[in-house]
Amino acid sequence: MIDLLDIISPQSSAYLPWILALLILPIFSFATTGFMKGKAPYWSSAIIASNLLVAAYLATVFWNEPLTIRGNWFKLGENQFTYSFYLDKLALTMSLIVNFVALLVHIFSTEYMRTDANKPRYFAYLGLFTFSMMGIVLFNDLLFIFIFWELVGVSSYLLIGFWFQKKSASLAANKAFILNRIGDLGFITGLMILFTQFHSLDLDAVKSLMIMSEIEDGNWVVNFMQGGKEVISSMDGRWLSAGGIALFCGAVGKSAQFPLQVWLPDAMEGPTPVSALIHAATMVAAGVYMLARIFVLLDAQALEVVAIVGAVTAFMAAIAALSQFDIKKVLAYSTISQLGYMVLAMGVGAYSAGLFHLITHAFFKAGLFLSAGIIIHQLHHLEKGGKKFDPQDMRVMGGLRRKLPVTFFAFVICSLALAGLPGFSGFLSKDAILLDLAVWADIKGGGFYIPEVLAFMTVVLTAFYTFRMIYLVFFGEFRLPKILGDASLPNKLKEGNLWVTVPAVIFALLSFTFPFGFTLNADHSWVMEALKTPMYLVPESYAATSLLDVPEETFHGLHKTVNIVSILLALAGLFIAWLSYKPGAKLEKTFIERREPVGVLGQISFYHWYQNSLYQNIFLKAILAKSRALAWFDQYVLDEAVNLLAKLNVVIAHVTRWFDQVFVDGLVNLTAASVGKVGQLTRSIQSGNIQAQILVTFIFLLTLILLLVV
Amino acid sequence: MEHLLSYIVFIPLVGAALVLLTPKAYEHLYRVLAISSTGLTLLLILFAVTSFNGALVPEISGEGNLQMMEKASWFSLKLGSLGALSVDYFLGVDGLNISMVLLAGIVLFIGAIACWNIKEKKKAYFSLYLLLCTSVLGCFVALDFFLFYLFFEFMLLPMYFLIGIWGGPRREYAAIKFFLYTLAGSILILIVMIGLYNSVYDPIKTAEMAGLSMAEYAISDIQSMVLEGQIDKTEVVKSFNMLHMADSANYIPGSLLDKSGLGTLFGQPIRWIAFLAILIGFAIKLPAFPFHTWLPDAHVEAPTPLSVVLAGILLKVGGYGLIRTAYAMFPDAAFHYAWLIGFIGMFSIIYGAMNALAQKDLKKLIAFSSVSHMGFVLLGLAAMTSEGVSGAIYQMFSHGLISSMLFLIAGVIYDRTHDRMIENYGGLAHQLPKYTVFVGIAFFASLGLPGFSGFIAELFVFLGAFKSASVIGAIPAWMAVVSTLGLVLAAGYYLWTFQKMFLGKFWVKEKKWVPALKDLTIHEYLMLVPLVILIIAFGVYPSLLLDLINSGVESFIDHLTASI
Amino acid sequence: MVGAAMQMADGLKEQLQSLTEGVAFLWPEITLVVGLLLVLLFDLIFQNKKEVGIAAISISVLSFLLVAQCLSFVPNLEAKDLFVGLITVSSGANLFKIGFTLTALFALIMAAQSKKYAQQYFSSSEWLVSLFGLLLGAFLMTASSNLLMIYVSIEVVSISSYLLTGLGKGLKKSEAALKYLLYGAAASAVMLYGMSWLYGLTGSLDINTDTFIVGMNAAQPFTLNIAIFMVLAGVLFKLGAFPLHIWSPDVYESAPMPTVTVFSIVPKLAAVFVLFRLISSTETTDFNWQQWLGILAIGGMTIGNFSALWQRNAKRMLAYSSIAHAAFMLSGVLLFNRAGIEVTVFYAFIYLIMNLAAFYLIQVFENATGSVNFDSFRGLGKTMPYTAILLLVVMISLTGLPPVAGFNAKLFLFSAVYEGYVSTGDQIILWVFIFGLLNTVVSLFYYIRIPYLLFFKTGDQIITKQEGFRWHMAWGTFLVLPLFLLFFRSDWFVDLLNSINFVF
Amino acid sequence: MLLLGALMFCVGLFVVFTRKNAIMVLIGIELMLNSANLNLVTFSRFDPQALQGQIFSLFVITIAAAEAAVALAIVVKVYKYFKTSDLDKINSMKG
Amino acid sequence: MELEAILFYFFAGITAFSVLFIAVTRNILYAAFALILTFIGVAGLFVFMGAEFIAITQILVYVGGILVLLVFGIMLTHRLKGQKLKTDRYQMLFGFLISAGIFGLFIQSIHSGAFSNLPWVDQEYSQEVELKSFGLSLMTDYVLAFEVIGILLLVALIGAVRIAGNARKEGTDAA
């Protein structure tokens, strides 16, 4: 029998310093950048650049043979807690992406934040973020993943709330953190379940023991040795599914899945480069990354939940993106929607496809955000000295392609990738997902076609809102001068400098297919090769049908159909967008004047299915009301009740006093009344009457005698 | 060093005496005396902790492997047919209390520094404070119930006066409330204590009394002789020794609290009732719902250093008491009532957090968050797993540090404006950036962010509580799951408070506060920085504490499971 | 005839011999009488400025007595019947006598320090004569083993008490004295009536003789119960226990401080001793002491404590508190086993010290403010810090909290009660236990009032801050110190109690 | 004889309870004491030692006298203050 | 024997009657005189029970001493200026109930106590008590009590004089 302690025995490697460097460099940046004042951007960029180099070096060394490093952290009772790093292709890829995007964002921010007084703080936060993100990526231990998971949450909180003097920013930061926390409850519950069953949270240990676990009489049983002692863990089999779903909850929070996705649009209050880094490329993808890490531990039921949540999220967010005015909001909803795709992919078992989409999305969405950032940044310059306006509002834009040509280029390339048109990276990865989804739906049948339908509808919607955005921003005429009544404005608008354009263009270039293989078939991409879908490890009776078990032919059969359908749908979306929002189209005109979309669908879309209102007005209010009620209860009922005991004391004291002395007078009065001498009544209401006292004494004596003797 | 623990306990007392003896003319020396005596104590405690051997497995129900033990007969009486009664001066540390001693040393020292600004009646203040130090430290190292109770009760008076004289506007009410509540609790403990020592004998002293040589007989021989009645009843020496009380073989056959005796009262076994009594007694101190209502008042009215000591260390006496007495002595009852305790723990977590959400006073908010956090202690204990109990101890330790910091922070703003209403401030981050950083750290630490000690503690409690169902079956798994809600609520109230007070545009209610709002002073850094370092250190490297307590907790769990 | 006369003469001779032998054991009482007479003579002989002389005589007599008693104290004395069974001398009684002497001595000190009345106490002999009379009566109470002697000694104490209350000027005093007297006379009449029945039932007045015990055992339960209960009533009156406690608040309030101090201690403890005597000779009868005393104890604690809550006057409060303490002692007495006796005696002595200290310190405050109303205590913690702290300690002790001996006293008492319940399974003992603990909580509410007022409130009256040394601090410390000592080393005293053979 | 004693006792008690005048109360008490004496002497008749009861009653009489003396002294004094010897009017304390 | 019986019942009757009269009358002086009757009656009964000495003492002390004191007391506290020497009564109902209850209790217990059947009352020692043996035993067996009583009287008298004397002085002071 396997001994748990053998599985998690320490493994050392000469490369440990390198791996640690990946963590230490960013945290070093966090610790020192704050003191750098004006040089902060360069300093932190240099650090991140060197970190990228380290990551690249490690990638070259360990690409083909994964490295495990493990050491003891602490011992709790008999349970050894370890830290472990696992550098496989996934981790290496992620660390490259994170560092790469981070570096570009650093560079971009150098210009974007140039005038901000607090920029050292900003770059320090970026360092903290990179550190936390690297932690998630590198560690192979669920506990550590969770720890960095939360730290990522904090850095996101700090960055969203970076402009904390804006109340909306600070509230958005709160919202992001709290909703993430709700997801984390699930995560921590998952940790509890796994720990209870396997006595360790090291992924190697969990996986090894998961293979050995069995379902017996509906109980999930696993038998192993721990330090020479035999352990039999057993719990209701349903906890297995629950564990998967619970862990997935963490991803729901972090990756902004339904029903916790409402924080992401609000998070756009943060500086735009942050949105690019955190809320598009990396952090929100961490949920998907985590799902990939625990992929093999999910059982059929959990996977179904994952798939459904993913599909619903993708669709809902796509709808919401249709009618937004704020360019960043559109991008935010689009991010949610794309994350939905990834999660859906994980749910249907399309591990490689999901991760592929994660990678491609990281680039094209970062590109989109950075381009949007350039627009916002440049428009923001116009604000100086002039009237205030919202530089993120698409209603003030229009026709910018002439003023900002490079940005336009980057934006469109990335948009095409987002819309999933052939030749762009998005096409490859989305196609792979749709294909696997189709196969999955075929296997499952019945209601499981719904996710498929939703996913395909989302394709249309994606294309639509993407091009709607392009039309509104870059085509037509520049609307701002009209709104502000200042005709000189167009001349003032300039293209961003190299600090900002270069990163955007780099991302745009990475949104083409070629970095991932010169092919239109995802299967031929090196990414799909590298990140092979693993087998499920859960007990057989609980395991889902793995796509690996599906014969190749099924895929081939569907491949073409899916390809064509998705391209057609995307084109359809493009076409509708062109119809509605081409310069001079009816919708385009009304769009500018509206304060908010009209019609039921418009409203639902604009308000994102009213989910936010539901939370704010019903759940949150209910909780706050309840907490106030409880506080009231605590202060006025519970406290009073306990004080009442004290008061009761006083009352008893009164009663006893009454008994001891007034009672006497009572008797006296009674006597007086009984002989009709009412006049004595008042006089005898006095204490200290000795005869009455004697009398009462004798009453007591007599009573006692009667009680005890007779 | 011999008598190390005695030095630790009594150095503050000596300090108090010195303060009393120093004439008023040298008033400025009082605080120096206070700081130096608590500092010396802390040094000795650190020495004790470093020389503590965490690998030794203590015998919870006996004196085996107890470290730094000091035992001297205090007095022993023959009380006629009551048999003989022996009270010892008995100190010692094992895995269950070493961490608390360390915490006490740290918090009391920081508290002493926080006393710096006390202006009136210094002599009384500092002597009372040092007296409090002695009683708190004594509580943690005393292993004789009588001695423990002495220290336990004696904590009340200094606290009563410290709150009542140097407190806020409603100090009298708060002081009396604190006093009466805790006293009511301690009466319950007293009842059980009487029952216990009437039921428990000291096998070694009994052997002495009966003229048997310990060289020839093992303790178990003596125990079986008592069981079989070979030793006369009047020769049985009753004991206050808390460790003997934990060994069910040391109960006089047929006595009230003897396991096999199982006398009943109101239809319940007396052991269970005794357990409940002692549970309530310490739950008041802890405090757990519904006995917590003294806490907000006491905290709000207490001066800052006292809030620090109260939250940082006094509440822990409750938790420690539960471990050392209720659980160690009545494992069977503890198991029987595990559900109840777990439920109270869970309920306290959520209830405290919900209440905190509605508070307008910063100190009250922190007070309710203490209720919530101490709920974890109960939950962890109820689990009766090594993770749970370790978590409970860890939570006490970490909460001691974190809540100290929180109250110091509340004190900082109160010192400047004499106002603690959350709604009276906004955007303080502009005016007090460094302070804001510390507040942020404290808030995040308290809401259980990884990297800070609170997270480790809460994680352990969750793991232990969840595991309980499948290992020992003390509490159902859903309790752990529901309790996680506390984390979200904690995030809610801390972040909203943070947002209201520190973020947004700078705004304070009264104009005149603005000049007073200066950033942290060196003196405040001196208190806050060490706390931050400790909180992070214990959050990143739990072995610092776990190595001390592990074997103790293991042994404790073995003791519990063996007697269920 | 002659032979008979001879025989009778021989018998008489023997008797006389035994009487003279007995006189030797009565030296404390004789000393008292001598002291009494000395004071009286001094008063008669000198006309003016008698204070110093009278005080000197009385204090030196009492001091001599105290020292001599302490020196001659032998713990394990064989109990001796003297004066043909009229009295029994025992170590236990001697111990109590030491306590009484100490109390009286302190009462003298208090009298000497009293601001208002110091003149009055020593200007003529009556007060001291009455005090000595009371002490004599109390001494005899502890020794009496004969109904006649019990009655006589109780009456000596009572009449001296009436006089002590009534002496001196003041409307309240005479009123209280009258009430006290009427109440006491009625109570003693009841007791006497009960005694006459006991005599009728047994044919003997000597409660230690076999005839008495045999007679008691043979008696019909109903009659016996009533008879013993009537006798008990008289003792309860002296003990100030429920339900014959009603007089005490009025008397305490109006009598001067030193007198009250004596009242609250000496007769009470003497009554406890008499109770022991009564129980020991009627233990085997049908009279269910546990039941009776249990109910009385519960009633006493409850009424005493709860009424005390209501009080606004320190003396009245202490009166009720002493009612409660009497009830606590009763709950020790009712066990009537070795442990019960020891803990009761322990409790009694701690009570003695606590009460001495409490009254002493309150008198110090009274001297300062001229009042014993609670309001006058406001803010005195600031002006008289040391005394206030001493009083705080005493209050803690009265409540029964560590680290003062009041805690040990309660602890031992409750332990004994608990053990009593375990060994007998008598439900009433359990209730006594429960009520005792609850009442301890209640008692805190009023004991804490005084420190609360002292330290937390600010007073209106302007009393200059007292700094530096005052004699009363030394005396206060002297009284409070034993409370600490007996907490930390209660074995010293308990060992002493252990070595005493309590025979009644 | 015992019945007579009991009657005397109870009448004494009744008088103590009901008469306002302090002196009447004293009379009642004397009656109670005397009833006890009556008992003692009655029983003394059967006493082999013959004397105990009688001697006891002798002491009782003496003590009664002393008590009466003190009582009257106090009554007189009270009268000076209150100008009455009615017990229900002698009342300066409350509590 | 007949005569003795008649006398016995006569005295008993006097006692009972006068006692009841005290219970009924409101006049203090009447009550005091009824008390004399009672004492005389009781003294008579004492004689019948062989306690002549006690009987004499009773008459001497009570009638000669206590009653005189009482009457003095009455005089001192009631200025005899046409003022009726009457006392108010109150608590009649409860006083009566309690007294009657206790009386009932006594009767019940005397009845059930069966004093005449007690073992020690078996034989009746109706011998006359010699005054000599009475005195002897007073001076031997009870000498201690005797001495104590002496001191008690001393103390009581000093005290009583002081109290009453004081009062007069103060009274005049006040007046």
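In order of appearance the chains are A, B, C, D and E, and numbering begins at 1 in each one.
Operating definition for what follows: a residue touches a chain if its C-beta (ideal position, glycine included) is under 8 Å from a C-beta of that chain, and two chains touch if they have at least 3 such contacts.
Note that the structure is a prediction, hence the values are computed from the model and not measured.
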**Message:** Once the contact rule is applied, which chains count as partners of both chain B and chain D?
**Reply:** A, C
**Complete:** Chains adjacent to chain A and to chain E under the stated definition are C, D
**Prompt:** Where centres are the averaged C-alpha coordinates, which chain has the largest centre distance to chain E?
**Reply:** A
**Fill in**
Averaging each chain's Cα atoms, the one nearest the global Cα mean turns out to be B
**Computed distance of Cα centres, chain D from chain A, in Å** = 94
**Fill in**
Cα centre of chain A to Cα centre of chain C, whole Å, reads 77
**Request:** Starting from the mean Cα coordinates of chain D and chain E, work out the distance between those two points in Å.
**Result:** 7
**Prompt:** Roughly how many whole angstrom separate the Cα centroids of chain B and chain C?
**Reply:** 43
**Asked** Multi-chain contacts in chain D: which residues touch at least two other chains?
**Response** 2, 9, 13, 16-18, 20, 22, 25-26, 37, 42-43, 46-48, 55, 59, 63, 66-67, 70, 73-75, 77, 81, 87-88, 91-93, 95
**Sites on chain A at which at least two other chains make contact** = 646, 684, 688, 690-691, 694-695, 698, 705
**Request:** Quick one: which residues in chain B touch 2 or more of the other chains?
**Result:** 180
**Prompt:** Every pair of chains that touch: which are they?
**Reply:** A-B, A-C, A-D, A-E, B-C, C-D, C-E, D-E
**Fill in**
The residues of chain B that touch chain C in their complex are 74-82, 85, 124, 149-150, 153-154, 156-157, 161, 164-165, 171-172, 175-176, 179-180, 183-184, 187, 190-191, 194-195, 197-198, 255-256
**Prompt:** What does chain E use to touch chain C in their complex?
**Reply:** 105-106, 108-110, 112-115, 118-121, 136, 140-145, 148-149, 151-152, 154-156, 158-160, 162-163, 166-167, 170
**Message:** Quick check: in the complex, which residue numbers of chain C touch chain B?
**Reply:** 337-343, 385, 396, 401-403, 407, 411-412, 414-416, 418-419, 422-423, 437, 440-441, 444-445, 448, 452, 455-456, 488-492, 494-495, 498
**Message:** Taking the touch rule as given, give the residues of chain D at its contact with chain C in the complex, in rising order.
**Reply:** 2, 5, 9, 12-13, 16, 22, 25-26, 29, 32-33, 35-37, 39-40, 42-43, 46-48, 52-53, 55-56, 59-60, 63, 66-67, 70-71, 73-75, 77-78, 81-82, 87, 90-93, 95
**Fill in**
chain B partner, complex, touching residues on chain A are 73-79, 81, 143, 146-148, 150-151, 154, 157, 161, 164-167, 169-171, 173-174, 177-178, 181-182, 184-185, 188-189, 191-193, 195-197, 233-235, 239, 623-624, 626-628, 630-631, 634, 638-639, 642-643, 646
